[in-house]
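Both complexes shown next keep chain A, but they swap its partner, so chain B is in the first and chain C is in the second.
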Partner chain A sequence: MSWDKKLINQANKIIKQYPQKRSALGPLLHLAQSKDGYISDDSIEVISELIGITEVQVKSVSTFYSMYKQEPTGKYLISVCKSISCEISNSSDVIKKVQEITGLNNNETDEEGIFTFEKVECIGACGGAPAIQINYETVEGMTPESTESLFNWLKENQPKVIVADILQEKFGGTRSFEWGIKDNSGTIASVPGFQNFNTVGESK
Partner chain B sequence: MNEMVKINVNGIEIQADNNKLLIEACEDSGIHIPRFCWHKRLDPVGMCRMCLVEVDTPRGKALVPSCTTKVTPNLVVDTESEVVKKAQEGVLEFLLINHPLDCPICDKAGECPLQDQTVSYGPGESRFVEEKRHFEKPISISEIILLDRERCILCARCTRFSDEISGDPLIEFVQRGNKTEVNTFPNEPFRSYFSGNTVQICPVGALTSTSYRFKARPWDLKATTSTCNGCTVGCTVELNASQNKMLRILGVDNDSVNQGWLCDKGRYNFEFLNNQSRLKESLEKVNEKFEIISNKDLINKLKNKILNNENKVKFLLGTNLTNEEYAAFNEFSALISKSKSDFYLSDDYLFNGYFEKNISLATFNNLDTADTIVIWSEDIKENLPILYLRVRQAVKNGTKLIILGHNNSTLKDIASDFYSSDIIDENFELKVQPENLKNLKDAVIGKNVTAIIGKSSPYQNKKSLDLLVSFLNENSNLSLLNSFSKGNSFGAFQNLDSVKGLPDLCKDFEEDLPEVLFIVGADPIGSSVLTNKITSILEKINCIVSLDLFIHQTNELANYVVPMNSTVSEKEGTFTNIEFRSSKINKITPSPGKALSENEFLSNLLSSLGKSTDFLSVHELNTKVAENNFNQVNKITFDELDKPSNFDGIISGKEVNINCTFFIEDKSLYYVGRKLYGDSVTQRNSQSISILGSKKYIQANLSTIKTLDLEAGKCYIEQNGLKLSSELIINENIPDGLIYFPINRRNFVKYNFAEKINISNISNEDILSVQ
Partner chain C sequence: MKETVLLTKRMRDFPSDSHLIDIYEKSNGYKVAKKTLSKSSPEEVLKEIQDSNIKGRGGAGFPTGTKWGMLVEDKEKYLVINADESEPGTFKDRILLERDPHQLIEGMIITCFAANIDKAFIYIRGEYAKPARRVQNAVEQAYSKGYLGKKIFGTNMNLDIVVHLGAGAYICGEETALLNSLEGRRGEPRLKPPFYPAVKGLYMKPTLVNNVETISSVPWIVENTGAEYNKLGVEGSTGTRIFSLSGHINKPGNYEIEMGSSFGEFVETLGEGVRNNKKIKAFIPGGASAPWLTGEQLEIKMTIDDVAKNNSMLGSGAVVMMDEDTNLVNAAKSIVSFFAHESCGQCTPCREGTTWLEMILDRVASGRGRSSDLELLLDVCDNISPGLSWPPKMTTICPLGPSAVSPITSLMKNFRDEVENMIPTKVLL
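After this line comes the complex of A and B, so read on.
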């Protein structure tokens, strides 16, 4: 098995929470992603063995959901919203800017493995459109100019932990609403931040 | 509960089963609703939207998919309204957005639901001008199945079949949206014993088989319904031939037997019929070499042999003859010899079975109504694949499953109890009395039980089976299937006066060697664990006459070899399956070369002997078979069996004549069994599946492998100078300390499993030097 003991233990803990093993598939895929940054075929084999379904069934689920990445992503996953609210607030300019800076098309990763660019559907920040996510940490009220400075900052500092509130403070514009919970922990990889899977940054 | 209710379809009132889906209820009343994804034997998904119909709802008329809508009383349905037509046109226009219009080069064209329904319900033209989806074409998803993904309309029939019915979901949808495709996991091919069914139920030409691809157009095919004689299940099949060549076998939905499905061996193990190496002329061995001899000369020579040795003529029969041919041999033997003759059947798993009057005989449908199914037999997935599907189906519908023995581990996941090495020792003897098995007791006492009982291994002593059967018979309402798995074994039991096994043959022939031995469609040297003994006996016999399709290890020892017709498609007759259900075997292709059917050969021989023959034609023989048969109400004559009311076959009673007295006495040190695919002479000569049975391997669990100081991978198997290279594979379902040998691999039967066999890993240097 290509998973170490610690990861297997963690997986077994997750599996135990469900009456049927196969129900743990979703969280296990996140666990796999926390390991590699994407769902590798090796991980699929491990998961299939752990929960007793075939590899291709795991593959089927993992390729259906777009947040399970099928290929390694860069250090920073840039998700720009292209849904209606953002679109009418000029997200296409933001997208154009991102593409200009990174030179990437949709779902591409640069050669250095720093940026992955994707266009996504609604990320739930319509009030603060246009919105953009760095490693799933949301910044609202973006303009092409703030996008440029955001990228300059990312390139220069290459921060390990990305925290939404910090990004918002530095580069964001209008906010949809005051977020109830201060999100200070952020994420440490280009995967969603889950406390369970050790993908959140340390809280400040 | 099922209840007939009134519904109104297209203004006509019909009676419909309130438990059925609308699409099925309409079908029953002759109203066809177009569909792609819905299949009678699969769960509905409502995937394709082709079956949209308009129903009246409290909020007015609404379009609903009829494959996910159940019949309700007074439902008003319109299947042909303008709205429905528009919906159907829309669905088809969408489906044809990406479906290539390559019908002229597509195998499905001519029998393609998409093509047919586009003609009947389609819009006539498309507004789509953009580029269609493209995929690499075709990709092989297994050794025998090919997939053209751009043709796929994502109906999920194949993926549902492999998940729901065969239980080996190795194909699934991957990706999503307009990128969705059916595929396997990399390096995990769709190696299912039932994969051919997906080709048959695919409503477009996306799935094709290597066997039939580009071989014929459907409108050129001749078709006839027949019965598969591959195992004792006796699936109803449709034979397709063109220009006198067998090209395809399809499953036919026989509700009582195979319900439309076939195993891949039944489906593809016919290609040997067209094989160049098939026997076409009679052969005589002259100076250790076979030379062609005319049938007339052959009959003359045999005549003299038989006349001189009237009581010393014996018969070793294979299991692939028709009832009529068994009856013919029976008659033949009675006519040429003064004493009653025994027939030896080439099947290592033969024993007297459980046919006593106080044990009632099961049908497959009993599996569905039973409270509990108890299995102790050889692996049914390997040897009776469609019975395996029926068991799975029954368990899915709530029947309890209890398995004894180390076989049938593929059913372990759905079995409530799997009694393996804790309860049963390495020679398949019970370590515990059945009444002491609490779960078994609870599941059996006072319940309806259907048991599938047979030898788990050629070496198994039937004592423990007796214990189990008498326990079940005393404590439950038992119906039993004797799981003899080879071909038309049950026809042999019914139509021969006395059937014996190979251990009997060894014992009997050692005492009294026959002068003339007829070996008919049997290859015991290539398939029996008694091969060494049998070889030495056969070598001593003066005159062996082999009637067969090919030259193989056994008839290489013969003095005369006579080409025969194959039961697959070259003769007419009847077949009796494991439930004693008789059905018809039909002919669709002519005899190759000078091949005869068994009864033609026998009647020629008899008339040369000056005996009167009253079984010249297969029809006369059939009348005889039907007369002798137990079921006198529904006689199994061709005429009766051809009636549509007898489509499911006729259950013909259970009088059997098995008289085995000797058994293999050695205790096996190894766990042996037969796999579906093997090195049989027919499979070897069927191109598309020959490779599937040729790989040599043995299996053991990891701890056994470690205990023996071995590693999984290439190994040598060695005993008494026979050294074969093989693969050692880890299989955790094999009990501790046992090594599993699939005995239908080339030369594996030559090992003496009662003695130690040396297994050693092949080192890397050896592998290199071999290469």
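After this line comes the complex of A and C, so read on.
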């Protein structure tokens, strides 16, 4: 098996939470992605052994959900919402800006492996449309100008931890609602920053 | 028009730390659960919920008391919280998860007491990373205090809660798809019957599947009685409801109100009017699946029954306002393209139909439409949902396919000239 001991331990901890092993499949795919940035054949093999289903069954589930990537993603996964509230609030201008800056088409990653760009469906930030996510950390009330500043900042600083509150403070505009709580926790990978995936990081 | 604040009270009183267990307890938190577990019977709790007449806040509006009453007795039973909020326009569960996660946990404890359940899951959409972290922290805090785990509050009740992240599939908001997903399968809705997860749900065992807002309401109802809750709002739409207001509005946001005011009043008062003093051309009363209403219908009351009478639905409580400058063909295309992307692919009318609708609308929106496209759109819609009636007739396992029909029939019924105007008069061959 090509997962290290730490990852295997985490996987077993997740599996134990469920009455049936197979229920852990979704979280284990997130875990796999936190390692490689996509669902590798290696991980499929490991997961199928861990929960006792075939590799094809793992693959079949991993290709159903849009958050499981079949090809390596860059360090920063840029997801721009295009659903109705964002669409009528000029999300297409934000999308154009991102494409202009990165030179990427939908679902493409740059050669340096820094940015992956994708257009996504509703991310639940409709009151703060148009909205964008960097590694699943939400920033609301974007404009083409603030998008440019955000990218410049990302390129210059290449932060290890992406934190929604920090990005929102620096680059965001109208919010869906008062976020209230100041939060320094975010993600250290191009997967959701979540305790079970060991992907939560703190920023100063 | 004012808000009536039950579920969003704590986050207003303690704006910077309403998510912490200390603050939660300081503001009456977990007292209802403690009292209920030691002094009440499960039957008494069920009766309060039934008396409240609360209807599910996920979109379908099924009476919660009835759902709980249908739960079949079994040694193995589950509660699953549907936090897969992804109906375009909706962001009300997000605020409850982010800012008052303990209220949800307390609601779950009381629910599990009423239904004699010892294992529960919170299925949160994968894109809600920050809300999921908050809920996970809250669950851990509750465990450390002995409010979850074995013998909670020193009673004989055990309860374990697992926070489960989805991976980007709107269809998992459909409860049987959600259960499949939680079982580690593709998120495809199950063929009915069995109709109700309360009979055969997770691992084919009796399961309550309830929305975040519904279960977050439970502590208030049990504390203040179902009869008090029933006094709020109007008959058929009791209690308060959190509406997500977005679109061309001066003050978008989540608003907790008693149902019964009109959409127009809602927009003018809490929403502080339409941006740049424009007029509303069309609006969506209950999420992307709901047929649109027009600017002339703003006086319709925000109740489940009133909106249904006008051939639409209050759905998930997502109100999207579109002003007079909105390109409605693009708006419809955005919604149809959403459903095409999110179709699970099991049923042919939905898989093929939504894809064709998207392609035809794209052609029209980009100025390459044909005069025959209008009838073609309606014909494809008719194949997905015969008769184009409301509520829609189904040719599919779940309502996703018919949902894609809503924006097109709305467009054709009320704004046909806008579509016609986008068709070039002469097509050069």
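As a convention for this text, the second predicted complex is superposed on the first by the 198 of 204 C-alpha atoms of A that agree within 3 Å, B and C clash if a C-alpha of one lies under 4 Å from a C-alpha of the other, contacts with A are read in each partner's own complex, and residues count from 1 in each chain.
The rule is simple: contacts are C-beta pairs under 8 Å (C-beta built on N, C-alpha and C of every residue); 3 or more make two chains touch, one makes a residue touch a chain.
Because the structure is a prediction, the values reported are computed rather than measured.
Chemist: Touch test for A:129: chain B only (first), chain C only (second), both, or neither?
Modeler: In the superposed model, A:129 contacts chain C only, not chain B.
Chemist: Touching A:60, do we find chain B (first), chain C (second), both, or neither?
Modeler: A:60: touches chain B and chain C.
Chemist: Please work out whether A:38 is in contact with chain B alone, chain C alone, both, or neither, and reply first, second, both or neither.
Modeler: neither
Chemist: By residue count, is chain A touched more by chain B or by chain C?
Modeler: Tallying touched residues of chain A, the top partner is C.
Chemist: Looking at A:153, would you say it contacts chain B, chain C, both, or neither? Reply first, second, both or neither.
Modeler: Once the two structures are laid over each other on A, A:153 reaches no partner at all.
Chemist: Let me check the overlay on chain A: which residues of chain A are in contact with chain B and also with chain C?
Modeler: Dual-contact residues (chain A): 53, 60, 64, 66.
Chemist: For chain C, which residues are in contact with chain A within the complex?
Modeler: 11, 15-19, 76, 85-91, 93-95, 98-99, 119, 125-130, 132-133, 136-137, 162-170, 181-187, 203, 244-248, 252-254, 284, 288, 318, 320, 322, 326, 330-331, 334-335, 337-338, 341-342, 344
Chemist: Using the touch definition up top, name the residues of chain A that touch chain B in the complex.
Modeler: So the residues of chain A in touch with chain B come to 41, 44, 52-57, 59-60, 63-64, 66.
Chemist: In their complex, what parts of chain B are in touch with chain A?
Modeler: Of all residues in chain B, those touching chain A are 168-176, 183-186, 188, 413.
Chemist: If you look only at chain A, which of its residues touch chain C in the complex?
Modeler: 17-20, 22-27, 29-30, 51, 53, 60-61, 64-68, 79, 82-85, 87-89, 120-129, 133, 136-138, 164, 174, 176-183, 185, 187, 192-196, 200
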